[in-house]
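Worksheet for the structure shown next.
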């Protein structure tokens, strides 16, 4: 465990090698294998660290590598505090879980990428793996960082890598635009995060998570009765940060656009790891948030609204990756819903299962896109089951998992969230409203996921023809020099990660079986017990809130949600497999809502009209002011100066210059007498020096 | 005469120093003037080394090392100037290098 | 009296004669080895297999007319070959041929620096020889040669510093002793340094592929074009003596001087029956053979390429080696 | 005795060669005398138990700086005699006399102080202090390692400054001497 | 290098031009060539070739010799490739007189010409490598050249100036067993070529000395009138054997190696390939020698009809052409003019060396492969 600092460093080294040397010199395979090897090594170290953590009583281990910022006196609320930051890393259950997710899924995605990226030019491959490794470096720093500032380094770093990777095909304008969008939107969130960090230091005088939690646990809980206090402010700011990184309302708009990046990137960054950083951060500060119930309520509302809105948009999207993107937003909403109702364990659990099945789905979609020669539109697919059986099967597993059908992983985590929401008593919102919205979202989820599966893998093939005389679909522009021979299964490099992830998506849920199943499965709620120490302050005794309900009621809820999900699946099956034309009729009959959904509620347009136009408009206004008023003033000043200077000039020329010239003339006349001493012969000057020495030595001789 | 004291070294140093000074004053070839300066520096070094040995203090030797470094720098830059000058004027006679007076 | 004057004097006489005789036979060896490399026989007439050629060559050179060009600077012209040879021979004062004081003239505590500084004097012979001839080609060649020598001297000296760093002593005997105690020749500890010193040594002795100063196809004989007879043979002697010096430095610094291979391995202890000085001289001749071998094989560098190699490759690598050595020295 | 012989021989040679340096007609000869002079000074250092400095003197002065001089002398190879023109205003002989006078005065001071100071310690180790030179093995002498310690501890900053000076000089010399930058 | 700097005027301060003579007694000018180099430092800014040191007036001399005697004179032009000189002359006269040469003679002429090419290239390789400092290759290449000379000696009795052809055919038929020896020489030579290439082709120093040295583009090479390997090194596919086949070349298979960069290294590679092509040609020709006479129907008194003709062959150095005018009355040519490849290629030297260092000059003289006997005639 002492060497956990090595875990982020290894991909960092890989990135450095690939970036500094690889882009010029490495072959494609070498770059990929090097990056994957570094990730594999990091995975191995993570597993070792995890094993050691299991054997550790404290479930907490902190390693300080070096001092970063030496103590600086800074103002805090308690007078002058000492601001010092170390490069220190924490291993506790939460970070250990994240560690395994990041290294494990990261490793699989690296391997997958070797196959996915092989048609890129040589330097591009090394650049890609450099970025990917760099991302893992920062993500691991974020996860392991034991104080806000180290986390912030990782936080910004993953933002940077996300930008770089979204814009990986930077020649494509849409890709570079999407990268910039992601970067700028994230900056808004970071603004909140940074303010939160400032406030944390100002309040607690430290940035260490554990110390902050410890200090916060001694402060009163800021319920509605107590009022909106400093902890609530901190939490709100931090949550703004989280909305940016985790794509929640109102800052979710960047994530769908981020699908311009290569698919492994979408899987790793925009589904499995980076976007969950916000959730992770909220969980990490669970103690703070539990002391601010009003903010918790806000989190829950934002979460559930995001989940619902994204799910509805996802219903009508036709781009396979965009469906998944909105699905990701929606699932992240679920996670925030969970944190909002205080179920941090459930949030983390859903984070983990989501990482599995969403990475799986993305990689599967990548495989489909790869096999369809960069085709992303689902309307051009269909019936691909027979061409790419492995992809179809694994993606179907992923879809079942996300829909929440037992015993696949999604069922356990999502059900846990819904169950906890059901039990939650809100501050502003009436009880069960959040739950109701969550259930609706669950149904929508099941529907759009199976819509995706059905449109892609079932039904008739609707894509372009291939072979001799095939219609050229403009796909030759993408620079892949190879001819397309129809949809095909992807290479081994890509399918093996799919299979591994599918197994994970199937089985990951069993670490968090609900207590209701105690009778048939003795190891219930393992993960929540495991994670619990991370969510309470050190001193606080581990009093788990008892969420009790009758066994029957709990099972009923589960059955209800499963039924809902099955309903969604059935609806999708009816509309897209049995009677494909039904979907179009439905769309026509609901033309208005359909158009709204297709245009994503016009949010982008809204932002464009308000924020972007507003900024541009005000900039134009300011420019006008600048030109008319400021420049006018400057020009006026200039004219005045010219006029004044003319007066001054006259004075200068005759009076001042006259004096100066007179002086110079006098000097010049006088210097004729003296200038003979300046012979220009250096040796004469040296002679004078020697004369001085002579005088001095003579004085010395005589005076002694 | 037979017992060599630091005074002997100092006087040797003084004599060599003055030889250097005379060289600087008498010769007109800039390069030889530079060499005379090197002689002066060496005279100083002899003094430093002798007194370092006498006073059992390494500072003298350290200073000699620095003097040698300075001499190297001086030679490099000085000779660079001579070369540059020679390229333009085709002379190294110091009496012809005097147009910057007045 | 015996200890302080007679014995050292006798050693000096023996050593100088040995070196000069070794040089004459080295010339023969070079001719023979190159001839074999070129599928020729080499000198065969004088003595059996031409062995006495080693005697005949010097005699011929000594008996030849010693021409001094009319416009040459006579004193400097005479002095230059001497200034070239003397440093090459003086170096042998500190070269240890064996472990006991019997085998060397002196073991001073700045031995390596002494060698470096004395060899740096040798460049005067070349410059002055070229200048005093009062002729274009020799002057060009001598300026080239001295620039080459000074450039490569920087690289070699820097590299030797990294070896000094590993031993902590400047004494040549101390360096060899350090290799005995370490049980490993420095060739294995400092392989980069070995390559640098060897390449630098080739350049400093003006040997192929760095034999620009005497590139006969380009500058008709280099700085000693105007020399003949005895004075030429002094330059000649100096060059070959320098080869021996460089070989000796390489052997002492990297191949354990008089030590047998792997001195600490008991299984190889039987090699101890060979006297140390034989090991030493044997290794030197091995390196001289490599020198000759390279000359028979490689074409010649161009002057700018040679300087680029020195300044852009060898010196940076030497500095890098020094830094790495320093870091390792501190870290270990 | 031996020390005296060595000293006087060296002193005479050093001074003689010094005079030769400044009086040689040809600059090349001057350089040659200078080299030999430096080598002899190095020998003098050895007698004063400063081997390291002696070797540095040979390596840097004789092997480096003077080679530079030689290069320049050859590059500035003039067809016309470099010292043909003499400015009428120069004062060489007065200067020489003055230098001689200063030397005489210095000698006088030295001799005078030797005669007058019995307790040399009072003047801070006066020049004439008749403490004989120490043998090898003391703290100061014969010790390259000691010199290294002092150089890298007490005199570290001057040492680094000297290296900066050399760097600056190097760049300056390149800029000055390069024809087309 | 401010040695004896000739100064145009005192206003030009920065010109340090140095004029040095390379040759006529210089080890690497391949004979008595004198090159006047104008140097800026070590960089060549101008070069003038001074030739004529061994001018013997061969062209004028030929106008006073009868047609058969001239063959002897042609031996003395490119004295390291005498057989090709003979071939060119004989074919020109045959063209003038419209004599049919028997097939056997044509095959034998091809064998001789290609053996001569191998010998000439051996000499070039040795001296070129020697100039750049690889002394061992010289002796290796000369060893193999000796074998060729032995073959010639066995055929015609001479080792350098063969006088090996006659107008209308050959003076002698080959000795018995000669063809076997030629074939075994071909096998030997192939192995030796690999030896040379091991020493040079991938040698870093060799690459440094030849790569990108003396680069000349194809257009420029044509403009300067270069021919032979220097022209083909710049990628111009010009080979008289292919373009205007003579002797038996139209019946044999061979490739014309071409360079891409036009630098010294490419010219080196081309000549190494030409070695191999020549061996291939010799093999084919020797194995395909037909039976039959070795002399065509030639009148006892050779007296071509009045007229003029030009005929060129591909000598080892390049395009060797003869221009002959006959007045139809006398027994000697009215006008005799040679277009020597060495002379034409030497004109490119100034262009090649300008901007390079002095040390490259020897490499470049080596790469254009001149023989002063041919340049001066």
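Note that the chains are named A, B, C, D and E in the order they appear, and that numbering of residues resets to 1 at the start of each chain.
Just so we're on the same page, contacts are C-beta pairs under 8 Å (C-beta built on N, C-alpha and C of every residue); 3 or more make two chains touch, one makes a residue touch a chain.
Every value quoted in this text rests on a predicted model; they were computed, and no experiment measured them.
Taking each chain's centre as the mean of its CA atoms, A is the chain most distant from chain D.
In terms of the distance between Cα centroids, chain C is separated most widely from A.
Summed over C-beta pairs in contact, the chain pair with the top total is B-D. Among the chains, the centre nearest to the mean of all shown protein C-alpha atoms is found for C. Measuring from the averaged C-alpha position of chain C to that of chain D gives a distance of 30 Å.
Between chain B and chain D, the centres computed from C-alpha atoms are 6 Å apart.
Taking each chain's centre as the average of its CA atoms, chain D and chain E sit 64 Å apart.
Residue numbers of chain D whose C-beta contacts span two or more other chains: 52, 56, 64, 71, 75-76, 87, 90-92, 95, 99, 102, 106, 179. Counting partner chains per residue, chain A has residues 679, 681, 683, 686-687, 690 touching two or more of them. Listed for chain E are residues 3, 14, each touching two or more other chains. The touching residues of chain B, counted against chain A in their complex, run 21, 24-25, 94-95, 97-102.
Partner chain A is touched in their complex by these residues of chain D: 87, 89-92, 94-95, 98-99, 101-102, 105-106, 108-109, 112-113. Contact residues of chain E toward chain C in the complex are 1, 3-4, 18, 20, 26-28, 42, 129-136, 139-140, 143, 199-200, 203, 205-206, 208-209, 357-360, 362. The touching residues of chain A, counted against chain B in their complex, run 675, 678-683, 686-687, 690.
Of all the residues in chain D, the ones that touch chain C in their complex are 26, 28-29, 32, 35, 39, 51-52, 55-56, 58-59, 62-64, 67, 70-71, 74, 142, 144.
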